[in-house]
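Okay, here's the structure, questions in a sec.
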Amino acid sequence: MADKKFFTCTGPYNGSQLAEIANAELRGNSDAVYDDVSSLGHAQSNHVSFLDNRKYLTTFKGSQAGLCIVHPDLADEAPEGMNLLLTHEPYMAYAKIARTFYPDQTPSEQISERAYISPTAKIGTGVCIEPGVYIGDNVTIGDRTWLKANCVINNGVKIGEDCVISQNVTISHSHISNAVTIHPGCQIGQDGFGFASGVQGHVRIPQLGRVIIHDHVNIGANTTIDRGAGPDTIIGAGTQIDNLVQIGHNVQLGQGCVIVSQAGVSGSTKIGNFVVIAGQAGLAGHLEIGDGVTIAAKAGVMNNIASGRTVGGFPAIAQRDWLRQISIVSKLVKKKN
Amino acid sequence: MADKKFFTCTGPYNGSQLAEIANAELRGNSDAVYDDVSSLGHAQSNHVSFLDNRKYLTTFKGSQAGLCIVHPDLADEAPEGMNLLLTHEPYMAYAKIARTFYPDQTPSEQISERAYISPTAKIGTGVCIEPGVYIGDNVTIGDRTWLKANCVINNGVKIGEDCVISQNVTISHSHISNAVTIHPGCQIGQDGFGFASGVQGHVRIPQLGRVIIHDHVNIGANTTIDRGAGPDTIIGAGTQIDNLVQIGHNVQLGQGCVIVSQAGVSGSTKIGNFVVIAGQAGLAGHLEIGDGVTIAAKAGVMNNIASGRTVGGFPAIAQRDWLRQISIVSKLVKKKN
Amino acid sequence: MADKKFFTCTGPYNGSQLAEIANAELRGNSDAVYDDVSSLGHAQSNHVSFLDNRKYLTTFKGSQAGLCIVHPDLADEAPEGMNLLLTHEPYMAYAKIARTFYPDQTPSEQISERAYISPTAKIGTGVCIEPGVYIGDNVTIGDRTWLKANCVINNGVKIGEDCVISQNVTISHSHISNAVTIHPGCQIGQDGFGFASGVQGHVRIPQLGRVIIHDHVNIGANTTIDRGAGPDTIIGAGTQIDNLVQIGHNVQLGQGCVIVSQAGVSGSTKIGNFVVIAGQAGLAGHLEIGDGVTIAAKAGVMNNIASGRTVGGFPAIAQRDWLRQISIVSKLVKKKN
């Protein structure tokens, strides 16, 4: 049960309403109403829950949930009296229902007197600008965008509609599209790490590109995205980036990618659509990574990867080969003992 | 010698006072007074120093320190005329004495006019609120807590007594207990990295839990701790977290853990008491790590670990086995040459 | 072509001027003028470009660039009509020319009323202090230094001339020399990670040192540098540090080092001059790393390294040996198949 101090629940909803929201088939009582979502183990008769992993089948069989979202193949395992929402994508259905009970907060229009806003900035309607925000010259902020306390938007930056720019974020040299969420402490658009090195030391190269972020991107806390050196750094629509990730200059990320915490992508690497990069993985610069590639946690990618491949290890190779290496080395040790 | 511009020394203290503070046995002159702490190599006759590592025995033998904290077994190695504080825990004794000469700074009560404080916030006595601080609705701040410049405390957050919340920190959806120190740039309580992925892209799952931080926790600079997805993310009492660490949603850390810089713990992993996770190590999600486990630097933990074990490598195995693997592979290379 | 919303170009310049700036030999028309810099593939007849890597020789041969910086050995490969700037360091020459077209921005003198400045702070001439900045007691800020929005400079900190301290940065217990650039979200001078551990838990050791940063250092976004425990943490002149890097207490970095993103250096390690530490590498504490050492990406350094060596792997060994290990293990797997 979510702490009411932090979360506001919009329920109740009845079974028919939830079936429509989840695009699922209701089996059971369509009039019963539900007040909240909950996990299988904690749910009561007025709660909606879900089963997405056979590992939790036993918990499912003993669950008190009034309504449960489940794959049709598992419907027969449900305890007696439990109403069901049948769908081939139970977790997606749960996401939609949970977002119905707990929709994203929308800001109330306000412009704090404690914010600094350049007279040349263009601010849309329904925008919320909290105390301590800095908005530079010629900035454009789209309708209903929420600038949270102490974030900094530098000269010329464009931010679209329905964005959330969180606390202590800095954005410069960037165009940000609609419905983008940027978590606290994220730093976007600063100088890339480019310099010429000679006998007298390093001379920084002017970084003349931008950061372009497309619709529906989420970027985690304390993540850093450098602007391009000449070309732009580009984050494709719908891409999800976790905390403490590094995106170097000129990197291009495709649509729908998932970049897990503490991963890093070096400069000028191009990544296709729906690529998954797991935690603490690192990619060298100037690579081409195809669509649908999966890169395992802690992998170190030194070469291009063709679409659809799964790689692991360092230097990263086909995940299957990497697992074999681990197994063989492990057997060598046992033989010696 | 600490730079007086930054540090204020409370000395002098005499040998008897220091013996009592350190809970150690004084051997030598109890009336001699000491003005400061210093390292063995730099200490003078009016300084207190310590020997905690036999590696520095030679330095100890030549040290000018007036008073030295040392294990009883090494007392006979001391140079003539050096007064000694004998204890089985010299480094702990040094910690106590150094904290006596240089106690934690306490803030002077002030509430800056340049801070934004919601009228519904409850502020204790002796609280220091510096310029640029943001305090949201229904926040509670305990007595003598210090909110440093430009930190942001969001709606509903509770912070206990004697806490230090440093500059450019953001805290939301959290309950923080007493005597907790949070270093600059730390981001706590934001959305976890949870979404359902389907053919039409990723749909964020509302993250309905909180972050609960118990007494005497220290959290390093630019570290990120996500709030729970449903259950809470919990940091046990006395746990020490270094800089740039990632703690995922629903993670539970026990008491007295030590998490070194750039380590990451993935979502829903439960960690026992007094666990040490060294630098750049990573833990997969949904694991159970027993009490007293040590995880070596850069290890990648993919499986549960029983209490008391020491693991290393990736995938992490018993540290001993990992060291053997390294040795065997290294010999293979030599054989080929 | 740089987005004029974000970048101001100072051109045009003619060939003679650019030859002098780049300290290069002009071959071709000295009066032709150039408006901008561009990449080989995009450059037009009014643009300056460069060739630094034989990989791009084909692009060079087909380039429309009016003027190209190139090594004398490759001059004969140039397309007809292209003017050339011949130099043995084409990338360095490009850096100088690009910095001429796009010089570092200099701030206009201003002190925002929305900044908090202690009455005991000493502020030089030509200083720019943006809104939301906090400057504590007895701080010294040198001439022409630029303090960007919401950065925090704590009591006693000294910052030299011509520095840029970016948004959401916190600096405490530090002396910063001239022409230092610190990127957004960087946290400098906080407590190191030092404590004594006993049966009753961990006791923090007062961290009584400072951070000393020498001339012409660049530090990336969200990087953390802890102050010393007793000795100082020192960053040598001209050193370049990327984003999300961790520098522990008492670390000494020499001159002209390059530390790439997400690398970490543990406490008390001393690093020589012109050392390169690639991305996600980690160094244990209390090590000595000689001059001119190169540490490969993701390496884990557990031992001292003599000057001039190149190491990789974990535990890090000579790069050549590490590559051999990879090759041998890879062959073992093939044999088994």
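Each chain gets a letter, A, B and C, in the order it is written, and its residues are counted from 1.
Following the convention adopted for this analysis, a residue touches a chain if its C-beta (ideal position, glycine included) is under 8 Å from a C-beta of that chain, and two chains touch if they have at least 3 such contacts.
These figures come from a predicted structure and were not determined experimentally.
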Report summary line: Residue numbers at the subunit A-subunit B contact, same meaning over half shared and different meaning under half, come out as different
Query raised in the report: Once the Cα atoms of subunit B and subunit C are superposed, what angle does the rotation have, between 0 and 180 degrees and to the nearest 5?
Result: 120
Report task. Can you check how far apart subunit A and subunit B are, centre to centre, with Cα atoms defining each centre and the answer in Å? Result -> 29
Query raised in the report: Using the touch rule from the top of the page, what residues of subunit C touch 2 or more other chains?
Result: 132, 150, 168, 185, 222, 244, 262, 280, 329
Query raised in the report: Which of the residues in subunit B come into contact with subunit A in the complex?
Result: 116, 132, 134, 138, 150, 152, 154-156, 168-170, 172-173, 185, 187, 190-191, 193, 195-198, 201-206, 208-210, 222, 224, 226, 230-231, 244, 246, 248, 262, 264, 266, 280, 282, 284, 300, 314-315, 317, 321, 324-325, 328-329
Query raised in the report: What residues on subunit C touch subunit A, complex-wise?
Result: 2-3, 5-7, 37-39, 89, 91-92, 94-96, 98-99, 101-102, 112, 114, 130-132, 148-150, 166-168, 181, 183-185, 216, 218, 220-222, 238, 240, 242-244, 255-256, 258, 260-262, 279-280, 297-298, 326, 329-330, 332-333, 336-337
